[in-house]
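Shared between the two complexes below is chain A, which pairs with chain B and chain C, respectively.
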Partner chain A sequence: MENLAGLDHLLKITIRFWPVWVAMAIVMIPSFSTRRNTGLYGQIFESRIGVIGFSLVSFWVFTAIFADVIMTHDPYATWGGLKNALPGSALRAPAEGIYPHALLGGDNLARDVFSRVVEGSRIVLTISPIATLFAFMVGITLGLPAGYFGGRMDTALTFISNLIIAFPVILLFYLLVTPEIRSGGPAFSFGGDHVWRASVPNLLAALIFIFPTIFFCTLWQSRFYVRPKLRNILIAVTLVIGIWGYLGTAFDYDPTGLLLIEPGLKNIFAIVAIVGAPAKFRIVRGLTLDIKTRDYVAAAQTRGERPWYIMLWEILPNARGPLIVDFCLRIGYTAILLGALGFFGLGLTPESADWGSTINEARRLLALYSHPALYPALALMTLVLGLNLLGDSLREASQKD
Partner chain B sequence: MAHFILRRLGVMLLTTVCLTFIVFFLTNLTPNLEKLAKSEANARMSDAEVTRWLAEHGYDQNVVTRYGQWLGIVPSPKLTDPDGVTYTRCARPERPAEIAPKFCGILQGELGFSSVFKIEVTDAIANRLGKTGYLMLAVMCVMVPLALLIGILSGMREGSLMDRVLSAFAIITTSTPEYVSAIILIAVFASKNSGISPHFVEWGLIEGPTLFKASAATALRDITFSNFTLPVTALTLYGMGYIARMTRASMAEVMTQQYIRTARLKGVPFRAIVLKHALRNAMITPFTIIMLQFPWLLTGVVIVETIFNYKGFGWSLVQAAGNNDIELLMGISIVAVVVVLLTQLISDIGYVYLNPRIRVS
Partner chain C sequence: MTNTPPVLEIDKLSISFLTRLRQIDAVMDFSVTVNPGEAVGLVGESGCGKSTVALGVMRDLGGNGKIIGGSIKFKGREMADMNDDELRQVRGRDIAMIYQEPMASLNPAMTIGAQLMEVPQYHEQISAAEARARALEVVRDVKLPDPERVLNAYPHQLSGGQQQRIVIAMALMAKPSLLILDEPTTALDVTVEAAVIKLVKELGQKYGTSMLFISHNLGLVMETCDRICVMYSGEAVERGPIKDVFENMHHPYTQALFRAIPVPGADKNVQPLIAIPGNFPLPHQRPNGCNFGPRCNYFEAGTCDANPIEMATLPDNPRHQTRCNRFADIDWNAPVEAKVAPAVAVSDKVTLRVEGLRKYYDVAANALFGGRSTKVVKANETLSFDAHAGETLAIVGESGCGKSTLAKVLMGLETATEGNVSLNGKALANVPIQDRDATTVGGVQMVFQNPFDTLNPSMTVGRQIMRALEIFGIGDNEVARRERMFELLDLVKLPRAFSDRSPRQLSGGQKQRVGIARAFAGNAKLVVADEPVSALDVSVQAAVTELLMDIQRKNKTTLLFISHDLSIVRYLSDRILVMYLGHVVEMGTTEQVFQPPYHPYTEALLAAAPIADTRVDKREVVLEGDIPSAMNPPSGCPFQTRCKWKPKVEGALCEREVPPIQILADGHQIKCHLDADTLNDMAPVFSIAAE
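Moving on, here comes the complex of A and B:
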């Protein structure tokens, strides 16, 4: 097999991404033509920045979804002739049915860079939004009462959040995301022979992962306590899913085995949520302080509504604009944090294909072979850029009216 | 004002104590201490030996007691092992355990002894902090004027072509964390096989193999243009975009104010309006943002110093954390936390000073 020359491998890469192009067309063309009727979402397509941002983000989202189709090789396997191979190199004697070229070259361990970048998108785009969501849950559940009630609880929570903000992130990473710290703490055994260690990351995970359940139970209770039947159903469903998820994720105890996550990954979720939560807490608290003075809140108070109803069903929906914008920007920031973790070789396993770890692996030979580090770096940059542009266009759109 | 600063200082002290205790607690968890014992004494110790080593070195005491010893308010005991060798955490090579003082904590001006570098933590930090100081100074000298210029130029005529180009540049740089921009910069400017350096060599424009150096190790002794440009640029880019965007927003808001319109209608030249009328009011937000950038730069400094092999403060943080050098890590964290809190305080005071509408009660 010949090496691919010039622009030939760019063409091959473009063809390789065909499911992404099809999916983007299916999503963007109808969204664009109905943009006047779809509210805030449609506003994205009114500005050039919004379209570029949406394209970049959807490109990576669909890449993550169709990763198995797009990948040319197994991202964790080594291939003959690929050690530090330049983009477009041919594999040495590929077997029947194996893609004959390394589209973006090979890394120092002779793995295919293209497939690793694609596989990395799946890891980054799974962890970042979910971790951001957890941070949001914590920020909302604590920020609403802090802003609404004020007083001692507000002082205490603000102090704790300032404490975390003043903590150098990088130090926190090094202290909390190490294999040693996971093996500490007293062990508890329950449910037969299952053992759970009360190590610091496990305790943090246990603290963080309970918030969604608390949030939704309060949400249903505050609105539907006048309709006990509906409320009981909603709370029962929430509790079943919540407790199942909680036991599975925080306590590694899931009989079905569906929700078990790797300890390193759990560690990352917990730490990223802890680092991100104070910023959300501040935003939600600030928004609550602002919205609480509005007339419709006063009207609800006069009606005799309970505080949690006002917070969750009057204030929160009206704070959604800034929160959605912030969510977009925060996913990007989380992706950067995740990359930094990978860059320092913390958390995920060293052979993991996530972009940060790949950059870390490749940086030692950077001055000689730059492509194994360059492509994941560009991938991360375009994803974050897309999220930033999307967030910006959403902010401008929500400020217009 | 004095009352405000005093109260803030009180909160700062409390925050520092809380944060250093958290770091102390986390570095002194049992698995970390076991690792320390194995790295200090013998990697193949049995569990019983590890426990004995920890007891002989006073690590079996309550974590709060030992935090007190680190602070210098609880005396450090002198421990004698079965061989008759006395140990105390205040002992140093030049100051044997017999004559070591009882108290050696932060209140006595001692931060302990680094187990990795085998020198006083205060010396280790002072030396490295100076090196990082040069880096930060260079970054600030480049970043702040450039960011303000970009922000002002794009904010003074919102929606113009210049605004759109500069804003696009700013948002691209905010999306490029240091470890990404460093990789791109090295690939373009400091690689023998890719980027522009091979072409430059071919055309005979540069002497060495690459335009800039991918390592800043030589900058520890002698800072030159070729070894310091890339680390400074990598750090500058990520921080700059954010300041520029904030400056732009602030400037654009000021330019819509009534008094600017009045000045324009009076016939004041545009240049004079921007420089004399708008600038001071538009600088309030960026000032706060720039001060708050310092703590944020720390993560970047650690990343950049690791990539470019510049042995400064961030590099020693990685060394201390990787080898669980408890005392050095504590020293580093107290410096980092104090820097963060001081910049927050300065930014608050500066905000009040710059904005006469805000009065602290």
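Moving on, here comes the complex of A and C:
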């Protein structure tokens, strides 16, 4: 097999992404033609910035969805002749049915860079939104009462959030990497050969992962306490899923084994939530202070609604605009943070294909072979750029009317 | 006067806004002339394009506004030919504008003096000392106390009325030839409004400034202007001298507008309210021909909906024009078909009893470190009154008088410091809302002031009403509640299909109807309506008011109607309670309160209400100064700082003692030191001229 000449590899890559192009066309063309009737979503397509942002984001989202079709090789396997191979290099003696070229070359361990970038998109686009969501859950659950009740509670919560903001993030990272801290603390066992250590990252995870369950139970209870039958069903379902997920994620105790996560991931969630929650807390608190003066909140109070109903059903839905915008921007920061955490060895396992870890690993040979680091870096850059542009255009659109 | 060119001459002006959906014609074929020293009123409901005209004159239409036809001549010069530099010179120096919100027009980071001095320093390049001298003079002209102190103050240190005076002073600094006032007093209290209007009138005469006065309030325009131009949906529909238009109107819209507003000189049997049917058309949904056609009583197919209507001059009055094809055929003096409302059956049963209610707030000077210097705000001071089933009790007063606090105590959002409140014998004063049972909560409900704020924008209309039903424990299941929700929509005369709409798809009046439906969802015994129609346009105000009264009659609900608008209060209430700084200064039946003897404050309040009727003669009583802060009330009588009658009481009693309650007639009480003879000698504020 010959190496691909000139820009042939780019052409092949473009072809390789065909499911993405088809999916983007299916989504964007109707969205664009009905943009006048779809409210805030349609406004994205009114500005060039919005279209660019939406295209970049949807490109990566569809890449993550169709990763199995797009990938040319197993991203974790090594292939003959690919060690530090340049983009477009041919595989040495590929077996039958194996794609003959490494479209973006190979890395130091002779793995296919193209497949790793595609696989990385799946990891990044799963972890960043979920981790960001946890930060939002914590921020919302604490920001709403702080803004709504005010007084001592507000003072205390604001003080704590200021403390966290003032705490050096890098120091926090180092603390979490330190082996004594990672594996310290008393050990607990809930049966079988299961052991859980009350170390700092584990405790943090235990604290953070409880929030979604609390959030949804409060959500149902506050609205449907007047309809007990429906309320009981909703809360029962929430509790089953919530406790199952909580035991699995926070305590590594899941008999089915479905919801176990690796320790690195736990660190990531803990850090993203701790770093992100104070900022969300402030935004939500500010919005609450504004919205609670509206007449519909007064109307809810005068018909005897409980405080949590007012916070979750009257105030929160009307604060969604700024929160959605911030969510877009925050996913971008989280994607970058994943990379930064990789540098501290705090991220996922070393062989993980996520973009941050890949860049970190490739930097050692950066002067000689730049492509194993360059392409994940480009991918990260375009995703973050796309999210920023999308967030900006959403903000502009939501302020327009 | 014929030799000097008009100050402003607008001829066939058309202004459009280009949005992403369509081109919106905001103003079409609009002409008006303002002569030197003349005040012209521009009247219309919100969205009729009156503010757009003002912005068009200033050439400040923003990115997507465009003048697409016609001309604006300022002192004979075509403004379209001016370049940016010339326009900058004209704005501020020759044309000054006064906006609705005084706080938004002033820079909060600069002292008043610096802001005033900026104007002539920029436009006339005069020295700082000279500019300061002129600033001092102008501040004196707008009758602010202690001008030196005012110049060194920041905007937030002044009250709303004082800020608006400063904005007027700033406009006058450059000695403009034309002053555009865009709803200059809408944000102010009535008595303050009356004083500002009087000032504007005097200054106009003193400086010889021409004025373009934009307002939705016909009464205000009548008091200030020489000529009037009525706008409807982007067009001028009637134009002429005030007296001619008010007494001899020749456009159906003008007529409908006058019939929709209550006049405090006449009660409901003399002049019943007639709502204008239908809604204001959106700019892109205007009908063919006459814009007012679909809502007009005199509509005639073929004549009114064929071609665009041209402005026509009345044959007997060359200065009076109207945009109506049928003005010659209509009998303008035909009597109004009086739809006499069934008398509200007020029963003897007391629904609400308030006895010696007090509400004090503790305000610490500094929440964190204070403690010693706690201040007490006396929001309500010994209120006592009864309200009967089916009765409408109006609570009248300006901001800070304690009417909202009273509402909060009734609703259970606050608990009383002292005294009792009972609803049908059940104590309420010290029961916060979370301790009230569902029937009680549903029995005391509220209609809010701002229709754009009263519904949760994220929930459909039906959901919001059903939520209220759920909370009040009405209906056993979803189906039953849904049925009840539809009935409530029927009750407020909204189509059932509205249940699936989100609030942003509704107009202001429709939203307010949903608000009323929600308030009556729990079979309310007592409904507190906090200025329910003051934010609505005149043409829908009447309809919403009638609806509220209809439902009240049907359900025998007690209505506590909080308002500052005396016209509407006179129209719908059975009894009136006048409040000032937490005190009830006067209470009595509507007739008793509107006739002498008055409490001095009631007298000023009545005189301050602008009346859009040339037949009503009004005595002028203008209060000086502002309402004192509730944090720092005056000693003795709360009203003594502004009272004109104070000299009639001997020994400065007003400054020392809170006056006793005098019972003058059955159920009529006044809190004043004046003796009964002086009170009885008061002249009435209104008199209707014999026709």
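In this section, the second predicted complex is superposed on the first by the 392 of 401 C-alpha atoms of A that agree within 3 Å, B and C clash if a C-alpha of one lies under 4 Å from a C-alpha of the other, contacts with A are read in each partner's own complex, and residues count from 1 in each chain.
Basically, a contact is a pair of C-beta atoms (placed from the backbone, for glycine too) under 8 Å apart; a residue touches a chain by one contact, two chains touch by 3 or more.
Quick caveat: nothing in here was measured; it's all calculated off a predicted structure.
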item: In the superposition, chain B vs chain C on chain A residues touched; value: B
item: Touched partner set for A:Arg306, first chain B, second chain C, both or neither; value: second
item: Touched partner set for A:Phe344, first chain B, second chain C, both or neither; value: first
item: Which of chain B and chain C A:Arg227 touches, first, second, both or neither; value: second
item: Which superposed partner A:Asn162 touches (first chain B, second chain C, both, neither); value: first
item: First (chain B), second (chain C), both or neither touched by A:Val384; value: first
item: Partner chain(s) touched by A:Val200 [first = chain B, second = chain C, both, neither]; value: first
item: Interfacial residue positions of chain A with respect to chain B in the complex; value: 159, 162-163, 166-171, 174-176, 180-181, 183-185, 200, 332, 336, 339-340, 343-344, 356, 359, 363, 366-371, 373-374, 377-378, 380-381, 384-385, 387-389, 392
item: Residues of chain C defined as touching chain A within the complex; value: 20-21, 411-413, 433-434, 436, 438, 441-442, 444-446, 448-450, 453-459, 468, 470-473, 515, 518, 522
item: Touching residues (chain side chain B, partner chain A) in the complex; value: 11, 15, 18-19, 22-23, 26-27, 29-32, 35, 171-172, 174-177, 179-180, 183-184, 186-187, 190-195, 210, 214, 295, 298-299, 302-303, 306-307, 314, 317-318, 321-322, 329, 332-333, 336-337, 340-341, 344
item: Complex contact set, residues of chain A against chain C; value: 36, 46, 226-227, 294-296, 298-306, 313-314, 317-318, 320
